[in-house]
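Multiple structures follow.
One chain, chain A, links the two complexes that follow: it is found with chain B in the first and with chain C in the second.
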Partner chain A sequence: MKTEYKRVAYYPGCALEGTGHAYNQSTREVGKVLGLELDEVKNWNCCGAMEVKNVDPKVQTYLSSRVMSIAANEMGAKVVMAPCNGCYHNLKKAEYDLSHDETSRQVVDRISQQAGHETYQAGQVETIHALDWIKQGVGEDELKRRVKNSLQGLKIANYYGCMYTRPRHIFPEKDQGGGSESTSKPHFMDDLLAAAGAENVDFPLKTACCGGAHVLSDSDTSTKLVLNILQAAELAGADVIATECPTCHSGLEMHQVRAEKVLGKKTHVKMMYFTQLLGVALGVSPRKLSVHENASDPLELLKSRGFA
Partner chain B sequence: MPIHEKNLIRPENLKTHENLTIDGVNVSGHWSTFIAPRVITDYNEKIEAEISALPGGEHINRCWQCGSCTNSCTVNAVNPDFNPRYWIYLIRMGMESELLRDKDIIWQCVSCNKCTYACPRDVFPEGVMKATAHWLELQGHTPKSKSTIFDEEFTEQVVATGKIEEGRIIRNFFTKTRQPLFQEWLIEMAMRVARHMPVRLGFLMGLSTVIRPRTRGWSKARDAITDYVNEQEVKQRQALGLRENEGKTGRQHEN
Partner chain C sequence: MTLAGIEADIDACNGEAADAARLLALSEQVLEQWIIARGDTPTHETREGFRLLALHRQGARDLPSFNACRETCREIAYHYNLMEVSRDAALSAVANVRNARMMALVAKHLLLFVSGKMQSEKLGEFCCAARPLRQDEVTS
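Showing the complex of A and B:
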């Protein structure tokens, strides 16, 4: 267990203040129950998501570096935790660029100085995902002890998406053996939900793409990609797709509706953030976990199976 | 799944004559089909250097055509004409007219980075796709794609305030791309979300459309980023040999 994960700087990001509100809420609730503390990064800014890099990648590196600079220099934090895959990915990418590319360092230094804050230096903080936070800050054994409402009988397809594992060079801590996370077959979410009592189905599309980058600008492609994921999960026998990214989550929910309305393909699988599922297992009420905000409406399913 | 058939000879290059005699031999009909000679005369040797000068395209010269990118590509599985390996080949050979045949689909790359993961030469094909789409727009071969309009709307908001407000981006994007906001599936989605939305959250989301979320003390960062972006734009336009207003993307930052 990593004791430094007990109290981390928390970077929710823009999505968790909008469409991913339920993810924010459930992450905070689960942290409370498990005794993990969160200090929100003061006066944070957007990391650049998947869009700013297409205008200029170095601007994205700067945006992400500012968040880490505040965490390190103004809050004295050693660890920044981002539950959103986009934020997590971008902070990792900025860390990689700043430790490998001189031009990136110069651009970030120049903009940081003009903006009037300290330049972030590579290595000042460690960026982790909410999965690392719970898996390595608490662990499965402790989690098992705290489960009050086992998810036994609930079949789950774990969906990690693109940005959590790709490209691998920005995640030097992954693929290191000894139970570390894998970039080809990620398992942290599977491990946590198994500890909560759920049955993980054999799901081949864990790291497939949902088309999140073009969720609105190329909806037809996104709908096809999402439908593929939903149908594969149903074929594998899943009741719920567990998600760990607000873009994937809302993409799956939106295009589930669009596939039904535009292509006439109806799917019944529900989408839930993994923190919502863990929260249910830990005995937190679904309302506190904002389960009612999920558009795919998993509340009925939870009630009918006796989990809520 | 059917195997994608690609005809090496394009239909428009197949010539059949109804009534033709050459040197006293009748060559009419299907059994005497001709193939139009294929001579490439329009090499544009500058393409590779120009795409290398745009963000993402820097490492295109490393490619050794193994095809791992196309093999792993998410979009290729949906549309077999989406072929990053082939486009990298065309760019490096300077075969502009061949590349332009696919100009309207290159922007559809979803940035899943499977290609970058698979590439043994660190070409970063995802970046090359973005650079190529950008090049097509700057050179005036294609209008701005919906993806570019979305990216620019998003970036404008981040640069202006430090944060984004999703509803505002969606509304502005639909207006700029002249799409109706009231489509059946969007209404259904909005209704499903609103059905259980707590009053407080609905109120806060409504409020954020009036009072935009912003990072405090952002103005200096905004100016610094705007200066940098404008400088880069000038450099890129020079590298592409464009004049003052040619292919101008017209990025302007609101205050």
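Showing the complex of A and C:
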């Protein structure tokens, strides 16, 4: 286990203060139960998301670097945990760019000086995802020991989305064998939920695109992509799709509704953040995990199976 | 064949009559459309025994973001193998239909991804789904 993950700087990002509120809430609750501490990054800013990156990628690199600079230089943190795939991806990309690209270093240094804070230097912090935090900070054995409400009988399709593992070169710690995460067949969420007693189904679209980038420009394609994911999960026998990204999660839930309205295709599979599922297994009440905020309404399913 | 035509054929395969070879061929046609739209000639080589994987590699040349459908292509190849093996192993009819339906869904995902990618790269001809891009071109 990595003891440095026991207390980390927490970067929730914008989505977890909005549509991903339930992810924020459930991450904090699970952390409490597992004895993992979160120090929220002070005065954090947007990571640059897609919008800034499309206008000027170097500004996106700066925005992500500022978050890491505050964590390293003002909080003395060694590890930053970002549960959102978009934030996680952007911080990792900034780290890569600052390690490999002199122009990026110069731009970040110039803007940091103008903004009046220390320039982030590559390698000052390690950025991890919430999956790394629990998998490597606690591990499956300890998780199994703490389970009070086994998820036995619940069939889960684990959906990682496309930003958690791509592009491969910004995740040098992955694909290293010996239990490290895989970029082609990610398994950390599968491992954690299996430890919580759930049955993971074989799901071929676990890293497929959900159409998040097309939501506004081409909603119909997004709806069809999501419908395909939902139908594949149901065909695989899943009761629930477990998510670890607020954008994917919102997209799956919103387009599930839209697929029924626009395409007349109704699907019944429920969406839950993996932290909500772990929380249920650890005996935390669904309300504390904000399960009632999920648009796909998984509460009835949990009640009918005796999990709530 | 157009992407819309391929989509209709994949949808028609999404039932008991699904055929692994047909779905694999339709998936190859999706990637051929992409490669032709980028001004290249689709390869007839194979990788790991599949032309589909060679086509994907060709389609991702100089465009790493196209690797977002790499695993989808590999899943199509996997399901093709699964269906071929299950035919020999005389799996239950239920398992065969399930595998066929899953392969059709994965092939459809490849098609939808490539359709979206064609729009974002401003390649090919589209119906009203490409309206925002066309409006952008008119106003700029």
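Throughout what follows, the second predicted complex is superposed on the first by the 308 of 308 C-alpha atoms of A that agree within 3 Å, B and C clash if a C-alpha of one lies under 4 Å from a C-alpha of the other, contacts with A are read in each partner's own complex, and residues count from 1 in each chain.
Here, contacts are C-beta pairs under 8 Å (C-beta built on N, C-alpha and C of every residue); 3 or more make two chains touch, one makes a residue touch a chain.
Just so we're clear, the structure is a prediction, and the values are computed from it rather than from any experiment.
Superposition note: with chain A as the common reference, chain B and chain C are in steric clash. With both structures placed on the common chain, the touch criterion links A:P167 to chain B and to chain C. Touch criterion not met for A:L277: it reaches neither chain B nor chain C. In the superposition on chain A, A:T221 contacts both chain B and chain C.
Of the two partner chains placed around the shared chain by superposition, chain C is the only one that A:A236 touches, whereas chain B remains out of contact. Within the superposed three-chain model, A:D56 lies in touch with chain B and out of touch with chain C [touch as defined at top]. Within the superposed three-chain model, A:A15 lies in touch with chain B and out of touch with chain C [touch as defined at top]. Shared-chain residue A:A208: touches chain B and chain C both. When both complexes are overlaid on chain A, the residue A:V41 reaches neither chain B nor chain C. Of the two partner chains placed around the shared chain by superposition, neither chain B nor chain C is touched by A:V108.
Put simply, more of the residues of chain A are touched by B, taking chain B and chain C as the two choices.
It is stretch 81-89 of chain B, out of 81-89, 153-161, 171-179 or 207-215, that runs into chain C when the two complexes are superposed. The interface of chain A with chain B overlaps its interface with chain C at residues 162, 166-167, 208-209, 211, 213-214, 217-218, 221, 224-225. Residue ranges of chain B in contact with chain A, taken from their complex: 55-56, 74-75, 78-79, 108, 110-114, 116-117, 124, 127, 130, 134, 145-152, 154-155, 158-159, 162-167, 170, 173-174, 177, 184-185, 188-189, 192-193, 196-198, 201, 205, 208, 213, 215-218, 220-221, 223-225, 227-229, 232, 251. For chain A in complex with chain C, the residues that touch the partner chain are 162, 166-167, 184-185, 204-205, 207-209, 211, 213-214, 217-218, 220-221, 224-225, 228-229, 231-232, 235-236.
Contact residues of chain C toward chain A in the complex are 64-65, 67-72, 74-75, 78-79, 98, 101-102, 105-106, 108-109, 112-113, 115-116, 119-120, 129-130, 132-133.
Looking at the complex, you find that chain A touches chain B at residues 14-15, 17-19, 21, 43-46, 48-59, 62-63, 66, 107, 110-111, 114-116, 162-163, 165-168, 183, 208-209, 211-214, 216-218, 221-222, 224-225, 253-254, 257-258, 260-262, 292-293, 295-297, 299.
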